[in-house]
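In what comes next, subunit A is part of two complexes: it sits with subunit B in the first one and with subunit C in the second one.
Take a look at the complex of A and B:
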């Protein structure tokens, strides 16, 4: 299973990390990098990754997306959805040409975001994107595989009818080789603690795999480990929280509201959790061999930097540490699905025991504790039962 | 009884001022969590810090917040509305385990300590220093602060 860097702000961290052997490629984010700058990047960096075209909100000129030739506002200043009736072919050409010029590994068909889930949504996506993209790709591209971007809303997972509808739609396109799957995350907690959501996400991935589709899951947080049980082709690692959880706010032009800076966190593969750095000091005082709960890496601030290391969510080390550790964790997963399942169950049990030890003296909050793990465990058992 | 935490906070501030002096900060930011009140007492070169988390209910959430304040405080308290203190009292061993103070407060300014924690060295020297720097060279005198420390 591959690990892609979901890039965004500070793509340099991902590039550095990738150049140091972490991850299998990068997923590029047009709102964060100028089209020309991306064109100028080393081909070696691009031939292993792909573009997230980010037409989610069509004509919202967030960040540098307007520098892209296929940005709808460059075709017509007040471009709106109905304009896709006439401009869909043109847009498909510009988008594919740009992707081919970069020589990415895959060609990606964009998608449009809808806050609601209108009945004609999938028909529109077919007409506006899938058909013109596949037709033009057939003309100009002979060997690159085609991925279809799909935003999966919570309701599409938990409602049987809607789940079947999206599955039928994804698997119904002859020229599409795989899917760039994005689970919309509207949860308030940092970890997803919803059984139905996670269990049905696994079912969805499995069905897509059963249909011989490549499945690349974007915007993953640590639940990528859980998704791995359905044997997708890739998951992602990302730095900031908005790269590990898909929310449309990131793509809204008007989203200039001051954001409260989150506290820096340190990922632990032993705890399967990101721990708020504020708990590191109490752990140091109260938990024997506290540093053993965290992984060794060239970037771990606990072992590589001065004790007065300035923990900040904008600093690179905790993220590079995560890239390093999580990539290693994913790469160590068994190729065999049943072993993978059993191993993750064992890891979860171990993590819960470690949390018990920590919480015998340190009271962790809901975003640093192991409360997501019982949900993971239940999801795994249900999934295991279903596939046995 | 209090309808909102703001109402509770206003009365608690009056209570603090009247009984313990003006040596406190309200909703101090930039630490680990945002305590409703940080009360301080200077003695010679030492500064004792007592943090308070006020809640109408949900003692566990309050305790988790109060635990964070021990990173920069010697003592941290959960102060619950008198009306909703029963569930917390039933779990007093939880407060003992984590050495977090528990008190109840009512709208007659009736304040009662239900568990008095031991004073500890704050877990984070950096955060404690940062807070002491914020307090600065304030000459205000605290009174009766021993009441909060076990």
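Take a look at the complex of A and C:
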């Protein structure tokens, strides 16, 4: 299974990390990198990755997306959805030509975001994107595989009718080789603790794999470990939280408010959790061998930059540490699905024991503790039962 | 061309068409079909079928030689290849053995892949629409309600049921869910034919399913048999049927390459 860097702000961290051997490629984010700058990047940085075209909101000129030739606002200043009736072919050509110029590994068909889930949404996606993209791709491209971007809303996972609809739609496109799957995350907690959501996400991935499609899951947080049990082709690692959880706000022009400053966190593959640095100080005092709860890496602030590391969420080290540790964790997963499942169950039990030890002296909040792990465990058991 | 044909006899044919067997001096035995165009939709369907058949030039489909419409009388005439052989309905006894059934499915899939590659769905596969030639090869006939996915749909959205032979139709045809019609719809129909060949009865027949629903209702509820008191379950046939007789298209094979790979494992 591959690990892609979901890039965004500070792509340099991802490039550095990739150049140091972490991850298998990069997924590029037009709102964060100028089109010409991306064209100028070394081909070896692009030939293993792909573009997230980010036409989610069509005409919202967030960040540098307007520098892209296929940005609808460049075709028409007040471009709106109905304009796709006439401009869909042109847009497809511009978008594919740009992707081909960059020589990415895959060609990606964009998708449009809808806050609601209108009945004609999938038909529109077919007419506006899938058909013109596949036709033009067939004309100009002989080798590259085609991925279809799909935003999966919560209701598509939990409602049978919606789930059937999205699965029939995805699997019905014969010219598409795989899917760039994005689970919309509207949860308030940092970890997803919803059994139905996670269980049905696993089932959806499995069904797509049963249909012999490549499945690349974008915007993953640590639940990528859980998704891995359905044997997708790739998951992602990302730095800031908005690269590890898909929300449409990131693509809205109006969202220019200063970024709120969350506390810095450090990921632990042993705890299967990001721990707020605010708890690390008390752990240092109260938990014996506290550093052992975290992984060794060239970027671990606890072991490499002590004693006075300035924890700050914009600092690179905790993220590079995460890239390093999580990539290693994913790469160590068994190729055998049943071993993978059993191993993760063992890891979850171990993590819960470690949390018990920590919390015998340091109490953690819901976003740093192991309260997501029981949900993971239950999801795994349900999934295991279904596939056995 | 039609003037050069010499009528031999009238052939039985359902619907509004008259059908004659004739002989043409250069191509030999042909079938002449004549009928009245009832509506723009029926004209368009005939046109699409004729154009397709005249392009296909495959032993899996009848060759089309001539098509003409008389605008004044609104009548059409078609001259096509006469396919020697028996319809599958009359030669089912030759396809009882699972290997023979999978072999037939292999050839049918080969033939159908020609139209599937053109984004066309037959939508009316049944034993009456398959002729087994003397050499054992199938010929697929009657593309009259085929769905051309790249062309505008001719089916009214408000119709409760889409064009089909109901007892051989996939669930998406029966509820007229036009967006779900694709090659996987034909896979479902092949699934019914497979089980019917093996069991000798329609697998959704309520008499064998053991309920009081109709065949169509049983298709909608996915209730069918894979064995009877006379015919024991065959694992390969049952597994194949259970895959392609799934209600949701995504639960069937995604494309004919997957279908073919599965079939070929069982030959």
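In the analysis below, the second predicted complex is superposed on the first by the 386 of 388 C-alpha atoms of A that agree within 3 Å, B and C clash if a C-alpha of one lies under 4 Å from a C-alpha of the other, contacts with A are read in each partner's own complex, and residues count from 1 in each chain.
The working rule: a contact is a pair of C-beta atoms (placed from the backbone, for glycine too) under 8 Å apart; a residue touches a chain by one contact, two chains touch by 3 or more.
It should be emphasised that the depicted structure is a prediction, and the values quoted were computed from it without experimental measurement.
Chemist: Since both structures carry subunit A, what do subunit B and subunit C do when superposed there: clash or fit?
Modeler: Subunit B and subunit C fit side by side in the superposed model.
Chemist: When the two structures are overlaid on chain A, which partner does A:363 contact: first (subunit B), second (subunit C), both, or neither?
Modeler: In the superposed model, A:363 contacts subunit B only, not subunit C.
Chemist: Once chain A of both complexes is superposed, is A:211 in touch with subunit B (first), subunit C (second), both, or neither?
Modeler: second
Chemist: Applying the document's definition of touch, where does A:284 land relative to subunit B and subunit C: first, second, both, or neither?
Modeler: first
Chemist: Return, as a multiple of 10 degrees, the angle whose vertex is the Cα centre of subunit A and whose sides reach the Cα centres of subunit B and subunit C.
Modeler: Taking the centre of subunit A as apex, the angle works out to 140 degrees.
Chemist: Which partner chains sit in contact with A:174 here, subunit B, subunit C, both or neither? Use first/second/both/neither.
Modeler: A:174 sits against subunit C, while subunit B stays out of touch.
Chemist: Looking at the overlay, what does A:73 touch: subunit B (first), subunit C (second), both, or neither?
Modeler: Neither subunit B nor subunit C is touched by A:73.
Chemist: After the superposition, pull out the minimum Cα separation from subunit B to subunit C in whole angstrom, please.
Modeler: Least C-alpha distance: 45 Å.
Chemist: Jot down the residues of subunit A that show up as touching in both complexes, subunit B in one and subunit C in the other.
Modeler: Subunit A residues touching both partners: none found.
Chemist: Within the complex, which stretch of subunit C touches subunit A?
Modeler: So the residues of subunit C touching subunit A come out as 179-180, 182-184, 248-251, 254-255, 258.
Chemist: Going by the contact rule at the top, pick out the subunit B residues touching subunit A in the complex.
Modeler: The touching residues are 32-33, 63-65, 67-68, 70-71, 98, 100, 123-124, 126-127.
Chemist: Using the touch definition up top, name the residues of subunit A that touch subunit C in the complex.
Modeler: 122-123, 164, 167-172, 174, 207, 211-213
Chemist: Within the complex, which stretch of subunit A touches subunit B?
Modeler: Answer in residue numbers: 263, 278, 281-282, 284-286, 308, 361-366.
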